[in-house]
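When the chains are written out, they are named A, B and C in that same order, and each has its own residue count from 1.
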Amino acid sequence: MEDTFASASTPPEAVSADELLTSSAGQAVALSSTDAQLKAVLEAIVYVTEEPLSAIQIADALGEPRERVEKLLELLVGQFDLPEHGVTIREVAGGYKMATKAEHHERVRAFVKSLRPQLKLSLPALETLAVIAYKQPVTAPEILEIRGVQGAGVLKTLLDRKLIATAGRKDVIGKPILYKTTKEFMVQFGLKDLSELPTLKEFEEIRRLALSDEPAASEADQGAAS
Amino acid sequence: MEDTFASASTPPEAVSADELLTSSAGQAVALSSTDAQLKAVLEAIVYVTEEPLSAIQIADALGEPRERVEKLLELLVGQFDLPEHGVTIREVAGGYKMATKAEHHERVRAFVKSLRPQLKLSLPALETLAVIAYKQPVTAPEILEIRGVQGAGVLKTLLDRKLIATAGRKDVIGKPILYKTTKEFMVQFGLKDLSELPTLKEFEEIRRLALSDEPAASEADQGAAS
Amino acid sequence: MSSSLNFHLEHYEGPLDLLLDLIRKQQIDIRDIPIAKITAQYFEYMEKARQMDIDLSAEFVYMAATLIYIKSKMLLPEDPILAKDGAEEDPRQELVDRLLEHEQYKNAAEMLQQKRLIEENVWSNPQVKAFISEDEDPGISTTLFDLVKAFGEVLERAKNRPIYEVAGEDVSVADMMLYLKSIFLSVGDDEPVFIVRIFERQRSRRAMIALFLAVLEMVKLQAVEVCQQDLFGEIALRRQKSFDTVFAGGDPVSAIEKDYR
């Protein structure tokens, strides 16, 4: 056991080892030393930044070719995805962001001291958010129509938390304000982009499958819901 | 609860990959899968904590043997020391802390600087801009009158950022300069024209509904939780 | 009132929620709702809510009317003219469509909640602060809503602000001192107060003179000092250390009141 941890310092001849990186598939990938260096810079940037940044944003700011940055970011994501890593690089809100892996949450939680205020949303707020996410841009009266309840008040909560934003006015009588979801919404819900939301048709599909599996499935369903 | 995260975790067949880690010397090191998992947890912890934590602190909090945690932390430090990584784990103040490597600081700093275009305003600047947006064209004394607070230099900031512009002089004693918002202001706030600005009445409406909805929403929340 | 359904009075956000719950709990085919039965159960719920003094919103009443309408329409014989034109639409159809749509969004909300659950167990620790120099004001990211909110708050503050009657004839130097004091208290400790701007706000000559004398008095009492940040810059007043003690008793102000009478 002792031996396995031997020699902490890197001999200069080990340069070839730098260039031998492990891709997500576990295969060795040969990387030029400038690419390796750029990848290291990308790691530092993703580590530092608060908002998820797209490959294009990063590439343009660094003055590097977009495809090259994209390729190296993919490689980075693949490496951190390996189970040997406890942090990972996630693709959220159209960008890259470093975070701990969810599977370690129990053991990590003890060390997390109010790093982020918890976002607890009421069910009406979540429903309103869902309607906006799927129907955007959408007006308050339209949301009301779908939900069948007066509940425009949750809009303020969602606006305050920057989960939604205004998006101009609709060209109908009264010119009501339009609402859309924000980048923050995608960050808070861990969505890569809006297309990642399952379509409403898919929900119906799930429902139908659940019904055809009767009665055990629907019982289980009720159990889970209660 | 556990099940939610199961999908994110490693498939059991991949264990062999966990165990093949690269030591700082570039040699393959055999690590038991529990050690590999603990090392991943340590990585997440070192990443997430603000204050440098000692191996003893971490070991005690996790309920793991100190030597084991120490060894794995050493291994972690060795791995991040490799030039392929842009972040590193530093031993500072008797503890471990993740940080960017000094050799990349220049590029990271330049990168962070280039990110500034996102519109961020101090509260006085935001308030002044709000008064101008809604009362334009408006003079400095009028803004002061409405805000009730001295806002030295704020107008200059807004002018510098091209969010406001001068709009002639008001025909009263002293002929004070009038201010209005600019095209850049509309671009920054995603407005097609000024009529898209939500009216104060609309804002009041949203706020009023939020207040009246509050008890109902929290009830529903409790219902969902139970 | 014997009922096959034994619901403890649950909180439903709206009539659609209640109907969906009735339908799903009894495993009724949503495309073939036994409207009489569901209507009866719906009214039973409303009655119980009434007995328990729970206020149901207007939407519940409206839905009750809709249910009765559908029920009565289904009792009527098929309209021969419409039947000739083709299949008459099921009177339940519109309601069913609304229920299905509503249910989809409920499912979507549930999915969002699950996604959120994962996010609650993932932590990020960005270190961008280390790369932002201290003199840069990070500020707050701003949306249109922030803008309206800021304006609303400014107006709210203006409403609650004590009003100093400076338009009247009887504005005194002491009044102006108290007015200046309130301005100083409304800005930060080290914030300068630009005096010209306050002069600009005065609506009468007399008020300006009173203000001018008040400034001189305050300088004399060493409550404030006059300063200029740069050459030809705006003249500003800055709070001195003794600011609070000068105003502590209120005595100097009343003394000055006498002086100027």
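Convention: contacts are C-beta pairs under 8 Å (C-beta built on N, C-alpha and C of every residue); 3 or more make two chains touch, one makes a residue touch a chain.
Not measured: the values here are computed from a predicted model.
Ranked by distance of CA centroids from subunit A, the top chain is C. Of all chain pairs, the one joined by the greatest number of contacting C-beta pairs is A-B.
When every chain is reduced to the mean of its C-alpha atoms, the one closest to the centre of the whole protein set is B. If each chain is reduced to the centroid of its CA atoms, subunit A and subunit C end up 29 Å from each other.
Note: centroid distance subunit B to subunit C, computed from Cα atoms, is 24 Å. Subunit A and subunit B, compared by their mean Cα positions, are separated by 14 Å.
Within subunit A, the positions touching two or more other chains are listed as 47-49, 98, 100-102, 105, 108, 112, 115, 123-124, 150-151, 159, 165-166. Chain contacts: subunit C has residues 13, 118, 121, 123, 125, 127-128, 130-131, 141, 143-145 touching two or more partner chains.
Residues 47-50, 90, 97-102, 105, 108-109, 112, 115-116, 118-119, 121, 123-124, 126-127, 129-131, 133-134, 146-151, 159-160, 162, 165-166, 182, 188-191, 197-198, 200, 203-204, 206-207, 214-215, 218, 222 of subunit A are the ones touching subunit C in the complex. Put simply, subunit C touches subunit B in their complex at residues 10-11, 13, 114, 117-118, 121, 123, 125, 127-128, 130-132, 137-155, 157-158, 161, 183, 186-187, 191-194, 197, 200-201, 234, 236.
Interface residues of subunit A, counted against subunit B in their complex, comprise 4-11, 14, 17-18, 21-22, 26, 36-37, 39-45, 47-49, 51, 53, 57-58, 61-62, 82-87, 98, 100-105, 107-108, 110-113, 115, 120, 122-125, 150-157, 159, 165-169, 175, 177.
Contact residues on subunit B toward subunit A in their complex (touch as defined above): 5, 8-10, 14, 17-18, 21-26, 29-31, 36-37, 39-45, 47-50, 53, 58, 61-62, 71, 74-75, 77-78, 81-87, 98, 100-101, 104, 107-108, 110-112, 114-115, 118, 190-192, 195-196, 198, 202, 205-207, 209-214, 216-218, 220-221, 223-224. The touching residues of subunit C, counted against subunit A in their complex, run 13-17, 24-25, 27, 57, 59, 63, 98, 100-113, 115-116, 118-128, 130-131, 141, 143-145.
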